[in-house]
Amino acid sequence: MTAAISDDRVVSKSTRRKERGLALLFLAPSLLVFGVFVFYPLIHNAYLGFYRTPPFPGLPKTYVGLDQYKDVLTSSDFFDSLKTTVLFAVMTVPVGIALGLALAVLAHQQLRGIGIYRTFFSSTVATSVAVAAVIFGTLMNPQVGLLPWLGVNPHPPILQNPTWALPAVAVTTIWQTLGLTFILMSAGLQTVPDELLEAARVDGAGAWARFWHVTLPLLSPTIFFAVVIGTIFAFQTFGQIDLLTQGGPLNKTNVLTYFIYTELIQNSNEGKAAVLAIALFLLTLLLALAQIRFLERRVTYER
Amino acid sequence: MSVEAAGIGVGRGRRVAGKIARYALLTVLAIVVLFPIYITIVNSLLVPSAITSQPPKFFPTNPQWSSYSSAWDAGHMGEYLKNSFIVTILITVGQVVTAVLAGYAFAFLQFPFKRTLFVVFLATLMVPFEVTIVTNVTTVNDLGLFNTYWGLAVPFLATGFGAFLMRQAFLVLPQDLRDAAALDGYGHFRFLTRVAVPLARPAVAALTVFAFLAAWNQYLWPLLVTSGDSHRTVQIGLKQLRGLSIDQVNVTFAGAVIAVIPLVILLLVFQKQLVRGLTAGAVKG
Amino acid sequence: MTRGRIARRFAAMVSAALVTGASLVAAAGAPPAGAASTCPLDALKKAKGTVQITMWHSMPRANEQTLQKLTDQFNSSQSKVKVNLLNQVTYDDTFTKYKSGLSSGDLPDIVQLQDTDQAQMIDTRTVLPAAACAKADNYSFSAFLPRVLSYVSIKGTVYAMPFNTSGSVLFYNKNAFQKAGLDPTQPPTTLDEVRSDAQKLKDSGAVGGAPMGLKVDPGFFEQWLGFANQLFVNNSNGRQARATKAVFDNPTGRELFAWMSGMVKDGLAETNPDSGSSQYDNLLGIGNGNFAMAMDTSASLGTITQVLATGQYPNVSLGVGPMPGPEGKGGVHAQGGELFMVNKSSPAKQAAAWQFLKFLDTSASQVTWAIGTGYIPIVKSAAASPQMKDFWAQNPGYKVAFDQLLDGANTPATAGSVIGAYAAVKDAVRNAENSMFLQGTSPDAAVKKAASDSTAAMADYNQRVPAGAG
C-alpha cells in the first residue's frame, strides 16, 4: 500500500496505546462476525478438500491428502471454468464502471429536474438478480422475445449460442449493476468541490481538461474502490448464470461459482466443491492484492 | 448555478440548443436503462397470452390489476414482506454501524497490522457463498437461532464491502480536519459522530442502499434457515410465483413489481442524500 | 504416489464388486435390504393426542391447492394425525434443503422428491421404506399400475410411495397436420414416421420454422432406449444392484443420436434447452406457428389447455398423441415425483406418515388428484372409476398418458434407471447432444463421449459412497 495513508504522525506513547485500544473496539464487531460466519467455514472448507467426501453428511469420509487438490486443479474442466470466469470479469468490470461513471457525470449537471434522471439511472439497483434474469431471459427468448422480433435472431438463439451466451449474461449483469455503479460514482462526484472546478474553468481549462485533471483525480478513490469491488463481485457472479444459462451451452458460461454449485448441490461432492471454492478464493485474493498494490499507488488521497 | 451562466456569455440560442441536447441525451439513456423495468410493469398488467405471443405489447390497453392480488396471495406477500423488512433493517443497521466504525479505524487510527487487517476485511468478500452457506446453517442452528429473525440476520451484520467503502470515504477527509478537531478537544468518537459521518453522508447513504438491497434480495439463505411461512422472506415468495405455469406469467411479473416497490421508495428517499448541496463545500471550508 | 493411487482404485473396485455381489445375492432371494427396517405402526396407537407431521413438497400453485384439499380432507376425517404441508418451491431446492437438514436436523416427516433423486435419497440412509410399513400393515402394492410400481421398486423393495406421476407425450397442431395433407387423428408413433411427417409439414409450408420442437432432454433418449428394450445403465438400470456404468453406446444408442442429429441438420427440428427461460419454447413454438409438434410432459397439458382457451392462438387445434419411439411399441417411463418417509422422525410420526401416504394413494384421493391436476391416476380402481371415465371422455388428451403407461412391456428397461449420479449423467448426455447440434460432432463420437463421461461420473459418486450401502 502507498504512503498516502501515512502513519508517521508524531504521537505520544499513551495516545498510541489509546488509539490501539479504540481501534480494537471499532474493529471487534466486524471481526467477530467474520470469524464465526466467514473464516470458520472457510477453514472447515479447506479441511474438507483433503477428503473424498460421501454424498451426504453423517457418512464416513476418506482422507486423500493433496490428491484431490491436485486432481481437481489440474483438470481441463477447472481450466475452462477459470478462463470463463476471467473472461466474464473482463467483459463486465471495465464496461460497467465506464458506463456508471459516464451516467454519473451526465447526471451531475445543474439542470432542472436532474433529480428525476438520477432516480431513473439508479433504478436498476431495485431489481434483484432474479428479476433482471427473468426480464432479459424473456427479452432474448427466440419464441416470444423482443430482440428476435426486432430481428436480432442468431441461430442458435442467443442464450443457447456458444459464442453469444456469455456476452449476453455479461450484458444482463452490466445492466443490473449499472444502478450500483451509478450511485457509487455519484457519491464520489459529491466530493469534488465546485470551487475547484470553477477555478480551473477560469484558468481556461476546457470541459475535458477539467474532467481529466480535477474530477478524475478526486474521483480516484471511488474508482479504485469500484474496480477492486467490481472484480471481486464479478468473480462471485452466480444468480444470472443459474437463471439464464445454467452453465451452458456446452459449459461456455460455467464460471467457477457455478461449477462449485454443481459439484456441491447437484453432485453432492463436498470435497471437490471445497477445492474449487478455495481455488476461487485464493484467485480472487491474489487478484485483489495485485490491484491494491499496483493501482492504489495512482490514487490521490487528500493527505 | 449553471456553469454556462457564470463567466463569459455565449449566445443565448446556443445555450438553449445545448440544454436541449443534454436533455435529449439524458432521456435516451434513461429509456435504455428503464426499459426492462418498464416491460416488467407492462407485462404484469397484460393477459398472460399477450405476453407469450408475438408481436410484443408495449402498453397495456386493458390493464389486468387482478394479477397483483393473485401475486399477493400466491406469493404470501403480506407475511413475507413483513419478514423481509424486519430482517433487512436488522442487517442494514448492523452493516452501517460496523462499517462506519471499521472504516474510521482504518482511516484515522494508528494500530499495528493495519494493512493485514484491511486485507482480511477485503478477503471476506472473496469467499464463495457455497463455502459459507452450508456451515452457517449448522452454526445458526447450534446457536439456537434457527428460524428466527436474528438467525436470518446474524451472518450479515458486518461486511468488508461496507468497511472498504467507508474507509475510502473517510480517507478523502484531510488529516488537517482531524488535527483541527483534536485541538478543539474532539476525541475520536466525537469527531466520528459530529464531523466525519456527516461529511461522508453520501457514502453512508450509498452503503445503506446497498446493504438494504443485498439483504432484501437474498433467496437461498432464507430458504435454508427457516422452516415454514412464519419467517420466510419475499424472494422465496417470488420464486414460488416463478413456478407458476406459463398461463399465469403475468402474476410472476406482478410479484416482481411488488417485491421491488419498497426498494424504489428507498431509492427515492435516499436520492436526496446523494444530491449535491450541503456537503460539497464543507470539505474545503 | 501412483502406486498408492492404483492401490486405492483397486480397493475401490474390489469393494464395488463385493457390494454388487452382495446385492445380487440379496436380490436373488434373501430378504430385501430395505425391509430390514421396521415400521413402528403401534407407536401411533400408543401416542397420546394428535400427532403432527410435516410434508415438504414443491407443487406449483394450482396443484398445491389440490394437495391442500386432500390434506384437509385427511385431517378432518380423523383426529389422530394432523399433516402440515410446506412448499419448498422446486424439487431441487427441496432436496438441497433436505441435505442441509441432514446436518442441521431440520427434516420433514415426509418429503416429495423427483424421480431422478430416488437413488441419492436412498443413499442418505434416512428412508423408512414403504415396503416395511406395507409388510407390517398387510398392505398390498398390487393396486398400483404395474409400471408405476416398477418405477419405485429398487432391489425388490418399494422405498417411496408413488404419487404424482406423469409421462412424456406428443403435442401436435391438428390444423398444421391437415394443411400438410396428414391425417390429424393419426399422429406419428415411430421416429421414422415423425421424420416423414415432419418432411411433409415442412414441404407444405404449414409451419413457419422447423416442424418439430425438440427439447434437449436426456430423458427422451433414455426412454427411447427403453422402447427398444435397451438398458441405459448396467445392473438392470441400477434396479438389481448399484449401477456402475453406462451401457448405451451400442447400435440403438447411435441410431437414436443419429436420428436427432439428422432431424436438426435437415431443418426438420429446432432444439431448445430443458431448463431456464427457454424450456417451454418447444410448446410456445407450436402456438406461434413455428412448430407443429413437440414432446413434453403430460403434466403441461393443463396449462396448455388454459392458454389455448384464451383464444390467443386461433390457428392451433391441439392434438395429444403417445410418445413416439424407435419401434413405436410403447414403454414410456413413469415420471414425476414420489413420497419418502423419513426414518429420523419419532416412531409415532413415522406411523402417522404411513397413514397419510396410504390415504393419498386410495382410489378416491387419486381420482381427486388426477382430475384436479392432470397427473395420471396410478391406482387401477381410480382409473376404472366413473368420475375418471367421465373426465377422460371430456378431456381425451389426458387419457393418452394413462394409456401409454399400460402399453408396452414391464421390464427394467421401461422402469427407468436408478443412478446416484443421475444429474451428472444427464449433464453428460445433454452436453453430448448439444455438441452434435452446436458443434457438428458426429453422432457416434457424441454417444461414445456421453457414455464415457457418464461412467466416469457414476464411478466418482460410487467411490464416495461408503461400503455396505448396497
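Lettered A, B and C in written order, each chain numbered from 1.
In this text, a residue touches a chain if its C-beta (ideal position, glycine included) is under 8 Å from a C-beta of that chain, and two chains touch if they have at least 3 such contacts.
As the structure is a prediction and not an experimental result, all values here were calculated from the model.
K.L.:
Out of every possible chain pairing, name the one holding the most C-beta contact pairs.
P.N.:
After counting contacts between each pair of chains, the winner is A-B.
K.L.:
Which chain maximises the distance between its CA centroid and that of subunit B?
P.N.:
Chain centre farthest from subunit B's centre: C.
K.L.:
Could you put a whole-Å number on the gap between the CA centroids of subunit A and subunit B?
P.N.:
15
K.L.:
Suppose each chain is reduced to the average of its Cα coordinates; what separation in Å results between subunit A and subunit C?
P.N.:
Whole-Å distance between the two chain centres: 39.
K.L.:
Enumerate the residues of subunit A that touch no fewer than two other chains.
P.N.:
134, 138, 143-144, 265
K.L.:
Show the residues in subunit C shared as contacts by 2 or more other chains, in ascending order.
P.N.:
96, 103, 284, 288
K.L.:
Please list all residues of subunit B that touch 2 or more other chains.
P.N.:
52-54, 134, 239
K.L.:
Under the definition above, what is the set of subunit B residues touching subunit C in their complex?
P.N.:
Touch residues, subunit B against subunit C: 47-50, 52-54, 74, 134, 137-138, 141, 146, 223-224, 227-228, 236, 239-240, 243-248.
K.L.:
Quick one: in the complex, what on subunit A touches subunit C?
P.N.:
Contact set of subunit A toward subunit C: 52-60, 62, 64, 67, 133-134, 137-138, 140-144, 156-157, 159-162, 243-246, 248-251, 262, 265-269, 271.
K.L.:
What does subunit A use to touch subunit B in their complex?
P.N.:
1, 4-5, 7, 9, 11, 16, 19-20, 22-27, 29-34, 36-42, 44-45, 103, 106-111, 114-115, 117-132, 134-136, 138-139, 143-146, 149, 175, 178-180, 183-184, 186-187, 189-198, 201-202, 218, 221-222, 224-225, 228-229, 232-233, 235-236, 238, 256-257, 260-261, 264-265, 270, 273-274, 277, 280-281, 284-285, 288-289, 292, 301-303
K.L.:
Using the touch definition up top, name the residues of subunit C that touch subunit B in the complex.
P.N.:
Counting only subunit C, the residues touching subunit B are 58, 60-62, 84, 86-90, 93, 96-97, 100, 103-106, 280, 283-284, 287-288, 300, 302-303, 306-307, 310-313.
K.L.:
Going by the contact rule set out above, which residues of subunit C touch subunit A in the complex?
P.N.:
For this pair, the touching residues of subunit C are 1, 5, 8, 92, 96, 99, 102-103, 120, 123-125, 271-273, 275-278, 281, 284-285, 288, 290, 420-421, 423-424, 427, 430-431, 434-435, 437-439, 457, 460-461, 463-466.
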